[in-house]
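First chain A sits with chain B, and in the next complex the same chain sits with chain C.
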Partner chain A sequence: MIRRIVAIIIKEFRHIMRDWQTLMIILLMPVLMMFLYGYALTMDLVEVPVIIVDPAMSDEVRTISGGIDATTLFNVIGIERRSDDPVALLKKHHAKLLVRFGPAFAKDLRSESGGADVQVLIDGADANTGTILRNAIGPMITKAALDILKLDMPKAITVHPRVLYNPQQRSALYFVPGLMAIILLMISAMLTSLTITREKELGTLEQLFVSPLKPREIIIGKILPYLLIAAIDGVLIMIVGRYFFGITIAGNAVLLAGASAIYIFTSLAMGLFISTAASNQQSAMMIVLPVTMLPTIILSGFIFPISSMPAVLQYITYVVPATYFLEIIRGIVLKGVGFAILMKPIVVLLAIGLLLVIVSIKRFRVKL
Partner chain B sequence: MKLIILMIWKEFLHLRNDKLSIKLMIFPVIAQVFIMGYALTTDVKHTPVTVLDNSQSLSSRSLISSIRANELFDFKPESSSFNEVRDRIDRGDVRLGMIIPKNFENDLKNGTGANIQIVIDGQDANSSNVSSGYLNAIVNLWGSTYLKKQAELMGKDIDVLIPVKVNPVILFNPLLKSSWYMVPALVVLLITMVTSLLTGLSIVKEKEKGTLEQLMVTPVKPIHLILGKTIPYLLIGFVELCIFIVLVLLWFGIPFKGSFFVLLLFAAIYMMSSLGIGILTSTIARTPQQVLFLIWFVLIFFILLSGFFIPVENMPQWVQNITIINPVKFFMFAVRELCLKGTSLNDMLPQLYNLAIIGIVVFFASVLSFHRRVS
Partner chain C sequence: MKPIETNALTKKFGYYTAVDKISVSVEKGEIFGFLGANGAGKTTAIRMLCGLLVPSGGSGTVAGFDIMRQSDKIRSRIGYMSQKFSLYSDIDVIDNLKLYGSIYGLHGYLLNNRIKEMSGFLEMGSLLQRKTGDLPWGWQQRLSLACANLHKPQILFLDEPTGSVDPVSRRIFWDFIIELASGGTTIFITTHHMDEAEYCHRISIMVNGRIADVDTPFALKKKTGSDSLQDAFIKIVEPQN
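Right, the complex of A and B next:
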């Protein structure tokens, strides 16, 4: 039995080496994705362009603008004297923020009654960037103005934040482990469904079934190579994450390997299930993209937080296996939590996988 | 000319009977509008939060109730020890923990100022940054209201003590809704899918059936063929664009401030690139399945590097330099500018030129490679 399975495995590897499409998914895709999510896709805002309008060109404003410019968040690209139309000015300079001081700012600042008004225009088109800028600019200007007057702000409460798990707040730490969920799914679900439907399309699956090979030997032989490739890719992601992006596994690496194996199993089961539903490669592809890839990227919490979605979509996220795997992998890699806490997602993941395998075996039998 | 019209007519007849293409025209619309439109949100809402109140005083209860009343947070049961807070963050039950010290009320009253600690689940840098900013703002608001009341009791007006008042005005998207930014961008994905996928599939199918060779021996020239294969999808692209702009923007209540003709102009120039990509893939691929795969593969990278959900300005400089060849980026920029800001064509000329250069290069490259393949 083992010899026959090995024969099928070798045959499958030959297929893989011959097919550029499969090779692209196995080799090129993980490398490019790692590079993109590790280096290019970062949510960290830096050097946001700011325009200052100060009709008086006072020293006070220059000091404040120097303070704004000195932060990594903002970059003052110019101080203008006139602003007949501040919105047009903002647009013209492609600035995200315009801070407009009054002509008597220096005097108002020191007046006994009231205080100086400062108007801030924020380009809020990108809501996320707008929120961060709005939260940051007010305290910054107030602080700089108080420093000029050598005053302390009467402050009732000081908040001391303590950031856990990702203290430097780097996006790569969040994205790169999450990438495992996508790449493993792509290899396991997409490639297995394509390879099985290809044999169906060519009619070679029927030939295999009339050969002395047993159905389970065929399935195992076709699936094992992809399991192996997925495992290797998974290890590679962690190694690259370690040496290029400084991502260390805070928790138990063995637990991570075990949970990844369960996720790969569930993904393979999805691939198997799709191949029972599709008669050719084209329809397999048509099912794989919207049914597995899209939800994994969008509805799993990979980038977009689930808690911000409407309730209906939140229910859908419960049936997406990647939702559970992301909880597990981020739990182990970033938080360093153990099996006791992660038991629930691990069990659910396993249950989804088993359910899919049972259903697809039933459907497989019916068809033959 | 007559030949081209006939070719276009033939293409529409084909389309009517082609289930896959019809699915590709309808499914993405539904998926994008009803799933992506709601799911692709960078808003940070309903952050689960717990409080550890060591003070158990009137002031601490008042502060807690102001957080409880805020919709940005989901208030979970209070914790009874620091270890419990930490444990609940580990379990993922809450993402923020606020710890109020024992002497909170005393520190407030004797004027030294109170301290509170917040513990943040920092895995997702963006969400944790925004949600801790919100919590900070609530606490500060509560604090300044408290100071004001105290001062009033003593007959003073605290506002005089604050030398600056910063009045932020949010332009273009006053409620800072992320759907206003994300939904218009979806039309770009939609048009790209329809034009590049359908063109590529349609050519490859003729290749597969051998009808492409049959066409080549008729008086139809390659250029007729290309125009006949692209113009129908260009038209479909325009129709979907109009439907999208009218229905979807109304559904989500998003404004369209710019000129519709400028949008059509950008769309027409953009479609040169997307149709070109469709033709190019059809010369490489041999089966419809390979077309699907190749276009999906290429689009992933174009979309990720377009500023769709992560601003291009955040990327390292050398990556930004690469994005200059990405047509999706320029069209998406234009759509967003037109919807939210009503930017005039004059202010977007650099983007238009860039898009035009990319479009011309891609389209002619695809025509050349198609020409070489068929002859």
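Right, the complex of A and C next:
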């Protein structure tokens, strides 16, 4: 049995070495994807365009708008005197936010009785951005106005927040490990599903089926070489993550490597399972993309928190392997948690992979 | 124990009956020709005997083992060459030979010896380091035969092995097959070349999934009053269509 598996492994490596162009694509594509999507994947808002309306053109408003402009969050693109239709003004300048001061703002600011009113219009089409802008702009104006009056913030309560694990709240720290999970899954599932459907197309699998080879020997012989290739991919994207996105591993790197190997195994097993259903390489690709990518992006907690999903969808997330790997990789990379806490997701991941391999072995011969 | 024996072996695909209750019995060391028009069910029959397809009815034994339940035991005792080239084109000739040798449990000295022996018989010793896909078709078919025969199977199933192969390669091919048969290997072969069918000890002619006749080439010609096997074949096949 071992000799036959080794024979298959040697053959697979010969295929891989003979086709070095494909090997280059396999090794470079994940790196390219990291660059392409890593930089796109950010929820950090910077330099949001802001319009200020001040009929009086007062010094006070000029000071306040200077304060707003000085932040990385906002960029004041203009101060307007007239605003018959503020919504039209917002649209015209492609601004996300408009701050409208009254004609008597400077006087109202200093009046004993009332205080000044400031209107803020926010483009809320993107709910998350709208919320962030709304929460940020109010205190910013208040603070700037109090500075003008040389007053301190009222000090009934002072809250001292301390953000753990990702103190600068850079979304890259959260998203890039997720991106790694997606890339690894896609590459791995594609490798196994294509290698087996290619043999179906060429008819070479039939020749293996009339030999004494058992389905499990073929499948193990197919998984092992690609486990190595996908592991090299894993190392490459970790290097890109480290040097281009500043992802340092807070926890144990060996634990991360081991867990990643299990995740790659499960991903290869998914590709294997798909290849038992697909009769050629094209249909394998057609199945791999929706079956692996969409659930991984939408249902794994990569972007959308699982806890916010309806109960039914939450159950579905339990069968998406990336759900567990995200828990593992974010746990190790960001929080530095150890094996004791991550044992459950690691075991589940391994169990899903083994189950898929066993089912694939059972289905393998039947589906020729 | 007969090397191949079937009893009313049947294969249906939905409502279509590809192989309809065929019963054959092949002797040890016999070259058994399996003739028939395209679509007559020859390949389906071979695939059932090799364990690639599960029969819908009837029974059969190959090398003394039941094709329904013991296909694992059958696989290590047979060699199979399909009508489509099914070795790996992107690796070297020697790599294909080593792969198939290892799959059939050969290794080390024995494996190298067999490879030398096979490539000698099939006159392909000079090609071992070439990329398989670069070989001309006739050489690829010789390589397929070598791979199917490395483990010295008791029975060789050859499904149209010489379709569109050059005369020289065919000659070498048949010399080798006749040599194997005289050494006790049973050969089960399909072909469309009537001159090749003449080499067979017995021929079965398949029409629409059934066996229309089985006999020696000489007897078939005599029965139908034909000069050539080609005429005999047409006389047997035509009335049934």
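Simple rule for what comes next: the second predicted complex is superposed on the first by the 327 of 368 C-alpha atoms of A that agree within 3 Å, B and C clash if a C-alpha of one lies under 4 Å from a C-alpha of the other, contacts with A are read in each partner's own complex, and residues count from 1 in each chain.
In this section, contacts are C-beta pairs under 8 Å (C-beta built on N, C-alpha and C of every residue); 3 or more make two chains touch, one makes a residue touch a chain.
As the structure is a prediction and not an experimental result, all values here were calculated from the model.
In the superposed pair of complexes, A:3 makes contact with chain C only, with no contact to chain B. Legend: residue contacts after superposition of the two complexes on their common chain; A:213 is shown touching chain C, with no touch to chain B. Contact with chain C, but none with chain B, is seen for A:202 once the two complexes are overlaid on the shared chain. Touching more residues of chain A than its counterpart among chain B and chain C is B.
When the shared chain is aligned, chain B comes close enough to touch A:45, but chain C does not. Within the superposed three-chain model, A:18 lies in touch with chain C and out of touch with chain B [touch as defined at top]. Of the two partner chains placed around the shared chain by superposition, chain B is the only one that A:155 touches, whereas chain C remains out of contact.
In the superposition on chain A, contact is made by A:331 with chain B only, not with chain C. Within the complex formed with chain C, the residues of chain A that make contact are 3-4, 6-8, 10-11, 14-15, 18-19, 202-204, 206-214, 368.
Residues 50-52, 72, 75-76, 78, 80, 82, 84-92, 95, 98-100, 102-105, 107, 131 of chain C touch chain A in their complex. Residues 20, 23, 27, 31, 35-36, 38-48, 63, 74, 89-92, 108, 113-130, 132-137, 139-140, 142-144, 146-147, 158-174, 176-178, 180-181, 287-290, 292-293, 296-297, 301, 304-305, 309-311, 313-316, 319, 336, 340-341, 343, 347 of chain B are the ones touching chain A in the complex. Those residues of chain A that touch chain B in the complex are listed here as 21, 24, 29, 32, 36, 39-46, 48, 87, 90-92, 109-110, 112-132, 134-138, 141-142, 145-146, 149, 151, 153-167, 169-171, 173-174, 194, 280-282, 284-286, 289-290, 294, 298-299, 303-305, 307-310, 313, 327, 330-331, 334-335, 337, 341.
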